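We just call them A, B, C, D, E and F in the order they show up, numbering each chain from 1.
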Amino acid sequence: MAIIGAPMDMVVNRPGARFWPRAIRQAGYVGSPNDYLYHIGLDVYPTQVLKVVDFGDAMCTPFSLEQSHQAINDKVSEALDAGAVPVVLGGDHSVTLPSATAVVQRYGVGKVGIVHFDAHADTWDSLYGSRISHGSPMRRLIESGVVPGKNFVQVGLRGYAPDRRLFDWMRDQGMRWHTALDIESKGFDVVLEEALVQAQEGPEYLYLSVDIDVLDPAFAPGTGTPKPGGLTTAELLRAVRRVALTGKLVAMDVVEVSPPYDGPAGLAAEAAHRVVLEAISGMASLRSDPQS
Amino acid sequence: MAIIGAPMDMVVNRPGARFWPRAIRQAGYVGSPNDYLYHIGLDVYPTQVLKVVDFGDAMCTPFSLEQSHQAINDKVSEALDAGAVPVVLGGDHSVTLPSATAVVQRYGVGKVGIVHFDAHADTWDSLYGSRISHGSPMRRLIESGVVPGKNFVQVGLRGYAPDRRLFDWMRDQGMRWHTALDIESKGFDVVLEEALVQAQEGPEYLYLSVDIDVLDPAFAPGTGTPKPGGLTTAELLRAVRRVALTGKLVAMDVVEVSPPYDGPAGLAAEAAHRVVLEAISGMASLRSDPQS
Amino acid sequence: MAIIGAPMDMVVNRPGARFWPRAIRQAGYVGSPNDYLYHIGLDVYPTQVLKVVDFGDAMCTPFSLEQSHQAINDKVSEALDAGAVPVVLGGDHSVTLPSATAVVQRYGVGKVGIVHFDAHADTWDSLYGSRISHGSPMRRLIESGVVPGKNFVQVGLRGYAPDRRLFDWMRDQGMRWHTALDIESKGFDVVLEEALVQAQEGPEYLYLSVDIDVLDPAFAPGTGTPKPGGLTTAELLRAVRRVALTGKLVAMDVVEVSPPYDGPAGLAAEAAHRVVLEAISGMASLRSDPQS
Amino acid sequence: MAIIGAPMDMVVNRPGARFWPRAIRQAGYVGSPNDYLYHIGLDVYPTQVLKVVDFGDAMCTPFSLEQSHQAINDKVSEALDAGAVPVVLGGDHSVTLPSATAVVQRYGVGKVGIVHFDAHADTWDSLYGSRISHGSPMRRLIESGVVPGKNFVQVGLRGYAPDRRLFDWMRDQGMRWHTALDIESKGFDVVLEEALVQAQEGPEYLYLSVDIDVLDPAFAPGTGTPKPGGLTTAELLRAVRRVALTGKLVAMDVVEVSPPYDGPAGLAAEAAHRVVLEAISGMASLRSDPQS
Amino acid sequence: MAIIGAPMDMVVNRPGARFWPRAIRQAGYVGSPNDYLYHIGLDVYPTQVLKVVDFGDAMCTPFSLEQSHQAINDKVSEALDAGAVPVVLGGDHSVTLPSATAVVQRYGVGKVGIVHFDAHADTWDSLYGSRISHGSPMRRLIESGVVPGKNFVQVGLRGYAPDRRLFDWMRDQGMRWHTALDIESKGFDVVLEEALVQAQEGPEYLYLSVDIDVLDPAFAPGTGTPKPGGLTTAELLRAVRRVALTGKLVAMDVVEVSPPYDGPAGLAAEAAHRVVLEAISGMASLRSDPQS
Amino acid sequence: MAIIGAPMDMVVNRPGARFWPRAIRQAGYVGSPNDYLYHIGLDVYPTQVLKVVDFGDAMCTPFSLEQSHQAINDKVSEALDAGAVPVVLGGDHSVTLPSATAVVQRYGVGKVGIVHFDAHADTWDSLYGSRISHGSPMRRLIESGVVPGKNFVQVGLRGYAPDRRLFDWMRDQGMRWHTALDIESKGFDVVLEEALVQAQEGPEYLYLSVDIDVLDPAFAPGTGTPKPGGLTTAELLRAVRRVALTGKLVAMDVVEVSPPYDGPAGLAAEAAHRVVLEAISGMASLRSDPQS
């Protein structure tokens, strides 16, 4: 697996996400992934099973979305060429656009579905007149034909957006989603299983995109567009593990961690760090004989 | 609906609540209530249905409780005269006394019940020798005859107060309450429905008073008298929505947010901001045809 | 009961625990334990029933583990000699070693079991080459024969340690434990009851050791080795109360609160403060006639 | 000398001063005043020469200025009766009114001058309609005849208040003052010597009142009404030492430290702690033979 | 005078400057400029002499430098058309480009000089490949012919940039500058007077541009590119006042305040707020008869 | 030059210094030392003249002073063997003991003098019974004969320690020092020149030890034992540059930066980062032809 930093945040509300690739690499008192890590629940030493490499940062710039996106696409492609599973650490959510595009370029259009944990649908046509932003990556992926709408499953939408017309557009694309209110009424585990079934209807491979604001702000204060009423960290870690255990995960990103708002304990950075470890552990457990 | 600031905090433990009317007006990255807000669960554009006006702050002073309370009473009365539903942003919890009094002056004694979410009962006879404080508003409302004790329902009481004698007094007044331990044993939704039934036994109208410390301090660190073991934000938002959906809500307050203790993410201010939006949305959904 | 400070933190990741005895004595807006405290759920005035005394701090030094541990052992022994239930406020988790040793010295080897709430098992043989540290107290207690492995019950283990070999060692000692994943699958209350049954199989007395990092970092950001995915404060308070209600509690410690990482609201210090109060209340309710 | 806490802040802009008596007692890594303190410049062990006693806090309440002021007056009088030099730790600046009044009641009207370091003159007739506040103590002392205007010397006034009319009133009372602009043009040491000469023209005794906001906010961020452009801590400590070395100091206060705004390092609390030590040291050096 | 917000920060190191127009409007416990403000040193009531109007924010967007700059140019032009002296609150330093351009469009090429307080020269040809950024506004103004190099005077340059080649380019343009080392060796007041003389050689009007990082980070922690070793706030306020007293000031900006890094006391925001007041006061004092 | 991290802080008041080697490597928005750095005052590109290498961290452990000190000694010796000038980033001040010892082992006893900027003399015989701590390194160096007392020059001592007896011991050793009061009375530049002359009386080589608490806490809040009344950053940078310009500097350390107390802007870390750059620049300017 290849850890890739994408330090850009041109297009967010509370900036600071650009600092996160650095923050996540420091989170976790156990240090960077090492051989002693053992996943209690999965009974696996993930980094003994999988080789995890720090691929460095994509060369993003605060002056040009296009240039930054190109750099991310290049870096992800390079990791894929090396046979790795890219793990992109945003940055803002616009990084999913070049990252997922690179993945589809390799695995084939229609072959890759996106499982997307987020408080927001990120399917706006434009924000402040710009069609490329942290509010639009999923729309651009659909409209450009990279990922068909029916291959999207979103979990955690809540609050006061998207609005009725945007939901209509999403429905027209065949997208599926599960709101926080669905989770409240059905329970998180039921929703999760539904989402996993939907995600695997069609695509051979899965791309996992985790916007840390899917967590309640109490669990992830350091993010650009906090929305009260989200998931607990325990729920998100369980979900990520389950996605990895499908055996179809070929790439992932974790985005929108903003250190300046994260407080002295770095809660969001710690949570994001564990999201990555949990995905690695799930993938590792498929390849290992846990009793050996 | 008329948003009214009541920036006073003479009578709290950790001060700072005076800054909250300003903080809540800035919370929510979507900005102040605008036409694009859409409530996902209720399928309504609340601010297209209801007119929401910022009525400004009551002219509170740090030197005189009486003067501050009079200013709040005047401002709330003015909003009621304009036909609005006043939404008072405290300030400390003593603001409920002048605010609810103004509401009862308009709707009639005995006509208005109070649904009160709080970690504390706020029914002390006096604190440090003062009968007017953030610990006494509910007692003063009852003793002055403005709201009969039987028209009070409290949700979220926990910790080490009130004590046995105070509960005895409350019981004698016919007050009803639901503690955090009741919520643990019965589940929040059961308790909520019981409370809603009780609240509507008698009064024609409801006044909603939300002390942000009903939330666990993890969800609302910025408050004057934090008590571990409280509600999640998701639970509180659901409760507020349910109160609004009774169709009987004529006024509300949200109190005890203290920005200096709220951390860089402003968790309590964000939560309080959503409490107001959730109430507005609930009321709006009653007046709209969601499928139009 | 005797409150004892143990301000040492030589052996942690993020230091600062040394400041906690001071922080906890200031937490709780109701001030230090006083006669007006009333436990709503247990219907008891705990400090009217039990005499709670501040025994001061053990004279710890940042230069010598041995010297600090001896000071803690002495102070706890002194409290026991006075007939008190010692409540040790760490400091790092290594304080459990001298504290529990003093308790066993008084009550007899094999007579005392340990109920241990923690994200970590603290059974490492050594850390950085040192056999005495915050990662090893439980191992040293077992190996020295002070507390047999079968008299340990641990609740809350999660994340990426201990590893398989360490679990094997623990199993060989007869230790019992309940992971966060057990809690997710069975529910907290089921796990808690199982743990309570196990804890009372054998020992006549119980020592309660609470590492504040058993809480999710959202509820206790101020700790040295935060692990996402932990308990809520409400769950921990319920558990502590249940342990106290067994009637077998003879000593306790609360450790690993680190004020510099706790944010302006002091969430972990507040939670730890309530842990102590909840234990006192549980013990008090056994000795009182709640209806008198 | 008797250290007295006056934890009140009803009457400030950014509240929090009420927490300062607690904060100052914890500031200074050397702990509370102890026998090993040695003043490098004055060659004296101040606490070997002078007995320094913590007299505890005056019983202030957030509900009543009158009650709080009476408590401060009582506590200061008690210290004076015991033959001590009272050192009052505010609290807001209104505490100077009851404190200096108590001192004058003992030493005689006209016998006591006030040396006042502050960014503000605190001579407003009223604030928000109240004649007793943190903006008025010096005026009340003058108007009540307790301290004649000519016995006041103020150092550090700056910014946008008082205004021309208030300066006219001050001039009419015979008050003397030195603004930050005077300090810029003449140099601090020249201004300090002028102020010391003026302060000793008439009164036999001196009362020193230090509002921590006389410091630039960079040196004392934790205060209620910060004004850019103030003194450095080194300058203030030198000034306090010089006042103490007059041999006429009979009481002092240090006010307006607000911990919630003071940042993790507690800069203002540390500075205020040293202000007290510096005064003690100056007084001690007069009574000791430094070469013995 | 017209206060204009320019909330953009695409092009900085530590983002957050976009929040500053909001922060400065809240800084200063005396509230927004009001009639009671009186400048002690200049003996003037500035807002009685000059009309100060809040012109609102230019409609900046995080997605487009060009669009944001156009909005700022329009807003400044609008203020100039109304006969006002525009006071632009950045935002990052790139705002000087559209703002000064608008001013020159009105007053004539060659007629306007720029007095520039900054730790940086902001004359880079490009940063990360972009010719429009917070590092280049002064170069673009010179190259576009809007302001000739000889009409620039810079004060406060320090640290490790610009480099030798850039200084050569600046010298070729006829620019003048004064480094922190010049200030150390000559004294601030000597340097200030030299700069004022140079600034008035040629241009009829002056534009004042204040990058808050000209202050030492102790006085202005909340900025994007802090450089240790800068001015004190008192020095900067004196300098601004002196510039205003030339009688030639027709516009100004204050830029690079970043609230997320500013700490709980908001030191940089407070300092910037006073910079604006000091300029207003200086201008007002020229138009008033201070003894009337 | 070889940058070496020494992340230990067993022996301090407010811990956290262990995190500093990481913090300093991130400070400075210009990134790690790079070829574009140009020192304005010295007209030199320091990293083009000198090769600066990150040698990594010494393997310190929180459990053993001896083990940590041995690791530092080894790492510094390794750098010296490679012909480099070691730059040790503490860690607490005890790191000077192994670091300076390694330097003397290479250059010869009596050949190396120590220029020491600090608020404290660090010559205590023992602290809490330990002879090795952050309060004793200079004493151990003298008593072990590694550096004769007459080869020490200390600048910046202030406050309430050392005491008279300790000064007597220091005087007996032939040590020289300059207190903050000396600086106030003579001016910093006079004191600096005196210290430089003294430092070069005898030794052929100089070791520079900078405790960041020599700065006033306003300039360096993030430190373990803050003492109000210290140097400005500009003064310290000037002093470090002057030491480097003697041409005798063969090693240096910068110690006692504690990130948890440093606030969101990281003032102390930024200052310490520049201390290192300033020393490098001074050394580089001696080896370059600035006009070439």
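Here is the rule we go by: contacts are C-beta pairs under 8 Å (C-beta built on N, C-alpha and C of every residue); 3 or more make two chains touch, one makes a residue touch a chain.
None of these values were measured; they are calculated from a predicted model.
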> With chain centres set to the mean of the C-alpha atoms, which chain is at the far end from chain D?
Replying inline: A
>> By mean C-alpha position, what chain is farthest away from chain B?
In response: F
>> Looking only at residue numbers at the chain B/chain C interface, is the share used by both copies over half or under half? Answer same or different.
In response: different
> Hey, how far is the Cα centre of chain C from the one of chain D, in Å?
Replying inline: 44
>> Using Cα averages as centroids, what's the distance between chain A and chain B in whole Å?
In response: 37
> Once you find the CA centre of chain C and the CA centre of chain F, what distance in Å lies between them?
Replying inline: 41
>> If I count partner chains per residue in chain B, which residues reach a count of at least 2?
In response: 14, 216, 218, 260-261, 263-264
> Across the complex, what residues on chain D touch chain F?
Replying inline: 29-30, 36-41, 43, 45, 216, 218-219, 232-234, 237-238, 263-265, 267, 270-271, 274, 277, 281
> Which part of chain E faces chain A closely enough to touch in the complex?
Replying inline: 9-12, 14-16, 18, 61-65, 67, 127-130, 132-133, 260-261
> Which bits of chain E are touching chain F when the two form their complex?
Replying inline: 13-14, 157-164, 167, 179-181, 184, 216-218, 221-230, 260-263
